[in-house]
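These are the structures, in structure tokens.
Two complexes follow with chain A in common, the first pairing it with chain B and the second with chain C.
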Partner chain A sequence: MSADKSTDASNDYRIKPGSGWSGAWKKAAAVGVFGFALAGFGFTQDAKRFAFSYLFAFFFFLSLALGALFFVVVQHLTKAGWSVTVRRTAEFFMAGLPAFAVLIIPLIALMAQLFPWLAPHAAAGHGASTHAEIALIREAHAADLHAPQAADSHAPRKAGPSVVARVAARDPEAALEAAKAHEHAKLIEGKKSYLNKPFFLARNAFYIVVWAALAYWFFKNSTDQDRTKSRQATVNAQTWSPLALALFALTLTFASVDWLMSLNPTWFSTIFGVQVFAGSVVSALAVLILVTMSLRDTTLKGAINVEHYHDIGKLLFGFNCFWAYISFSQFFLIWYANIPEELAYFHMRWSENGGTWQGVTAALPILHFAIPFWLLLSRNVKRNAAGLVLGSVLLLVVQVLEMYWNILPNFGPFAPHWLDLACFLGVGGAYLAVVFHRMENFPLVPVGDPRLARALHFENA
Partner chain B sequence: MSAASKTEPKKRVALVLAQFETAADVIHAAAKVRDAGYNCWDTHTPFPIHGMDKAMGLPDSRVGWLVLGGALTGLTAGFAMMWWMNGVDYPTVVGGKPPFTTPSMVPVLFELTVLFSSFAAVFGMFGLNKLPRHHHPIFESDRFRSATDDKFFISIEAEDPKFNADKVRSLFEGANAKHVEVLEEEVEA
Partner chain C sequence: MGYYEPLQELDEAYLVAPGSTLAEVTEDIASVTENAAPRGWWIVFMGALSLLALFGGTVGYLFYRGVGVWGNSSPTYWAWDITNFVWWVGIGHAGTLISAVLFLFRQKWRTGINRFAEAMTIFAVMCALIFPGIHVGRPWVLQWMFPLPNQMSLWPNFKSPLLWDLFAVGTYFTVSAMFWFVGLIPDLATLRDRSINKWRQRIYGFLALGWRGSNRHWQNYERTYMILAALSTPLVLSVHSVVSFDFATSVIPGWHTTIFPPYFVAGAVFSGFAMVMTLLLVSRTVFKLHRVVLMRHLELMNKIMLLTGMLVGYAYAMEFFVAWYSGNEYERYVFVNRAFGPYAWAYWTMISCNVLSPQVFWFKKLRRNIPVMFVVSIVINIGMWFERFVIIVTSLHRDFLPSAWGMFSPTVIDLTTYLGTMGVFFTLFMLFLRWLPAVAISEVKGTMPQADPHHHDLVPEGAE
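Right, the complex of A and B next:
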């Protein structure tokens, strides 16, 4: 079956000079520079908005790169032969991970704008900081509610040492707010052992090092094999893939808790990391389909055929159903339990912020699940280039929207800002410049992989 | 079928079975049978051979459509059940939730969709394969046992409108068959 190598020899699977992809990294870099210039100007206008917009862009592209890492590691873990020809494209997107070591710097610098748990006593509100004081405020509030006209009879309480308590008695609304704020502060206080700046920085240093190391090692292992044709390289990748997968799962989960969940530090959901993971794999598979599609008649001619697309399409469909399953599970448990501290997540995206996020919240189940489900369900659509491209574009766009919806409600009402676009272009341009630069310097198919011939002749049974 | 009631068992030709030595031989032979225009025939191999569907000219399996039908049936049945029970016949407030409300229906809808899809897939597969069935004349052949070991077979059944035992035999022999045999079945009274 693998005797016919004549087609392989005629194609070195490299991007030809003069093709649309040649010099693409320079264009991406230019877009990145333009985006960063614009975002830099935006930063001087509104540092807080910049921080949230930048986090949105950063985390979207990070999740895309991590999804690509997952794809590569899983192919080794399962010793997959069919995917050898598409694996390199995922490896390029994975190889952009070290760029995030630099791209994370603005976020670290602007942490105080993002995280309520960083501001000392900011959440304590009205200066109420002891249990005795808060009890007084509550008492005053209760007295006011039960006998508003008889406030004078409670004069001894108001004569206490705390100014706060006296103010509270005059203004029960403010007192209730203060009480809430105090509870909030207490909750955050309880999370201080995890949510504190030194530990946060240490954790992020760990994530960045792990991601860069995994990306570097798997990329180098695979590209070195192009020259050496060593079978041992494949064995090594398979040996290390379980550890890599465990590290991937832990770092992605903790990073999404750190950067997304802790934007609202009193809210928690144990399934949150899984949801981010599902979304990241959906983005990575969609990008894998779109990029290889754009190269299928040139550099990748003969290397990726309808059978491969059918399989990536199945994975895309499956992981999108997985995303829907996890997202609904999160919603369902929160809806059913109806506990205020858990409900806060959907409250913020439905009633709060003037109800401006309702449209996006309602659109996500339709755009992210109902439409792509029916679109990609059919075997014929997954084997049809136009159908698969349509599904991938939709899922990629909706994945951007979901990331936006995850982060920006913590900033305020739904009001798209040019800074969102500027940051998206900046971070995306910088990351893609690294990816495209790799693409231009290596073959787009792992030509040294011993299973290449098998992948070239792969057919769905 | 058309036999009148007689005491003596009568036999008639059921199928022609050809044995091939390699996967490549059987796939080429299958393409020849396909091109000759036969309808009632099948290949029997110890393992799935990539490209056999194409060589046999098989259309897409109809199981997918059966599964879709099963899925929609399960979804509709689940919805109707909950609508009737929770919404009309015996509305009960549980956990402070409205009696007939979408989120709490989703797990049931999902499970029933999956259950009915699985039924459709399994029983649809049985039905399309004409299973269960107690006997088939192909098992009259002793050679056929190695179809689960190391030999490859193609059978063309007598009920095929183009069937002609001699033509089939020469077709197989021209397609590098190692051995061709004609199998008979009893026509029962």
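Right, the complex of A and C next:
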């Protein structure tokens, strides 16, 4: 059949030497080295800020790589034919996952800077007092609260107040603070069987091993197929995709609990893992569009066309709506019930920290949902290179912003620091160097996939 | 071989029995409404009618005596009534998921089952709406469920999720019914054209809206279908999210948790698919629809049940984990009470039915075994009923004040009300099977090899 010949034999879908992309990994590595050098200097100046800035950069790129893993696994799970030409680019971004085994080291070393649950006494309130003292103040304060209920209740207070009670009476706010801190410490104490260093490290070792193994296996299976053209390779990928998806869901959820939720160890939300997941897929789809777009007229010429972009655009639109749905559910249910311990998350990003985060908090629903929703709703925009690139850039930038907003309020007021940028360049450069290196050494399209011709001829109905 | 041909090594195949002609497909589906009903249909229909009579009697008694005839009592003021409401709305989810979401994802296998599922959706939502209707106790003032100001110009509380529910379920019902009807038009025209009886011809002709199958008709039809699919997709998520708000906006431990909206949606799709499976297996056997509903369709549905069952399992696990992780003693108590308290039997029924039973679908042999999938589909629906029962009753029966604790026990009227709505559902569904094309004839034809523009390159002229 003439149809099969259109798998253009002259195009091997490899990056040509001398093109803009050749040697890109060296540039990324250089940026990474530069970023790490700056960040290293920053670490000597402010270790705590470094830890938070680094976590922000680390988790953003990690979520991007995990989003790419999800894309690859879901294509196999649904046995999708249209996306074969697109899949390899996602596989490159997935293949960068093992890099995080190294990139995680500074975070492990600086855990104590990040997590209040590692130092319960520090959390218990500004080094003020021992548990016994706090308990006394609390008791005194409780007595103080109950006393004024009856009109003639002044007598017992005058009769014999302890020193602590007198302190409490003189400065009820300090006493309340101390009582709160005590409650806080007690709560964290109760979570020790989950939030403790050995178990935390063991969990993270598990996540890293699972991610690296999945990335390695799916990447190798696909790139080997370029040579062997084996149909069995496709069957194998499809067979293992359900298990991969289950492992992905488990590890992503608990990694989010560990690295993001436990930054504020008394806060909790059951939907949190799903929320991080939705964002990670949005980042991955936006990157997929931007990277393939930049190669559209050279290496990927003819392999990814407007029909594919339309479909990835639909997925980007859909997952962004999903992100909005999940984020709204989390916000709305917490706002409606108005329970202090749950509200802490939004309180920290609105009234606390001097209200400095209000601007970002208010911008997120607009930049992450309202604008991209109306922009990407249109079929014409999704089929127009400039429009789709605009939407993808916007969503990628707000994803970075959202990750920043998720992590940095735990550090303090909204005050961008050069260390944020330095860590972003360092982690991003290192991760992308791995990704781009893979890109230079393998075809950008899975040339051995039996459904390649179908993907090349794909038309959006 | 062309690139458009199914790759057998990848387990790809056409979605209609090999060698079928277009005429055979029309005949198989249309004849269900034209020939005398088989005995199997009468058996189910008579059973459904008996339950419908039970429903009439129960509701009459309920209106006569008041809602006190149910087991609802302090502190469990919500029990079977809302459990049944949520269960039925949940079942009504598969229809729109199959017809809208799977359509947007180009899952062509949905064509074999979407008509069943959509019909089932509409009937299930009708059954669901019965419960708020009869629960108010005074059905002659039903209009107060709507946002109307009373004589003092006092409006109902717009911040109440119960009011949102009315809009959410009402919108869902309207759009689903529209979607169903639009999809039916070309097939109603087919029935009209095959009619040999004047009244049949007139009624189907009236409903077919003058469909002639012209190019312009098809173009408008395809566009309308796409737009309705896009409009229905957010509704799949919104309805059960709003239903979950009925619980999650409160401050009751076990009800108030942020994962409720997506968790309810996943559970709804899960139970909806299970109900479609139950109905499909029976109808396929009774009306011999083996040409258009293949093992492939059933296997794919089983995979979706496995996926949604695992999603529900994820939500159960997260709820349990976070209840512990929160450190909140009330949260912790509710979950310990669910698993080990007086309703532990209901909780473990739920876990076994919803999380454990679909795990059999990991195995291809069991996924393709009809008795196994029939039993599992029923077990899942039992489990999903218990899920709502567990959420509602265990959270209410022991809340913050131990002095107010109590147990709930249903009355016979609770049971007959529930069974009665089954009568409503099955009566409507059996009538649908006999009077409307139970499978989307025109859509199924679109998935056949004959519909491929390259088909004639492969098959010599006149070989069909």
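What to note about this one:
To be clear about the criterion, the second predicted complex is superposed on the first by the 412 of 461 C-alpha atoms of A that agree within 3 Å, B and C clash if a C-alpha of one lies under 4 Å from a C-alpha of the other, contacts with A are read in each partner's own complex, and residues count from 1 in each chain.
Here is the rule we go by: a residue touches a chain if its C-beta (ideal position, glycine included) is under 8 Å from a C-beta of that chain, and two chains touch if they have at least 3 such contacts.
Everything quoted here is computed from the prediction, not taken from an experiment.
In this superposed model built on chain A, chain B and chain C take up the same space, so to speak, and clash. In the superposition on chain A, contact of A:Gln330 is made with chain C only, not with chain B.
In the superposed model, A:Lys26 makes contact with neither chain B nor chain C. Of the two partner chains placed by superposition, only chain C is touched by A:Leu187; chain B is not. In the superposition on chain A, A:Arg379 makes contact with chain B only, not with chain C. Within the superposed three-chain model, A:Lys220 lies out of touch with both chain B and chain C [touch as defined at top]. In the superposed pair of complexes, A:Lys197 makes contact with neither chain B nor chain C. Once chain A of one complex is fitted onto chain A of the other, the partner contacts of A:Lys16 are absent, as it touches neither chain B nor chain C. Counted by residues of chain A touched, the larger count belongs to C, out of chain B and chain C.
Where the contact sets of chain A with chain B and with chain C meet, they give residues 336, 461. The residues of chain A lying in touch with chain B in their complex are 328, 331-332, 335-336, 338, 379, 459, 461.
Chain C meets chain A in the complex at residues 1-4, 7, 9-12, 104-106, 234, 237, 241, 245, 248-251, 256-262, 306, 310, 314-315, 318-319, 322, 325-328, 362. Against chain C, in their complex, chain A makes its touches with residues 1, 3-4, 78-79, 187-188, 190-191, 194, 231-232, 234-235, 238, 242, 246, 249, 253, 257, 266, 268-274, 314, 321, 325-326, 329-330, 333-334, 336-337, 339, 341, 450-451, 453-454, 457, 461. Chain contact summary for the complex, chain B toward chain A: residues 48, 50-51, 60, 64, 95-97, 103-104, 106-107.
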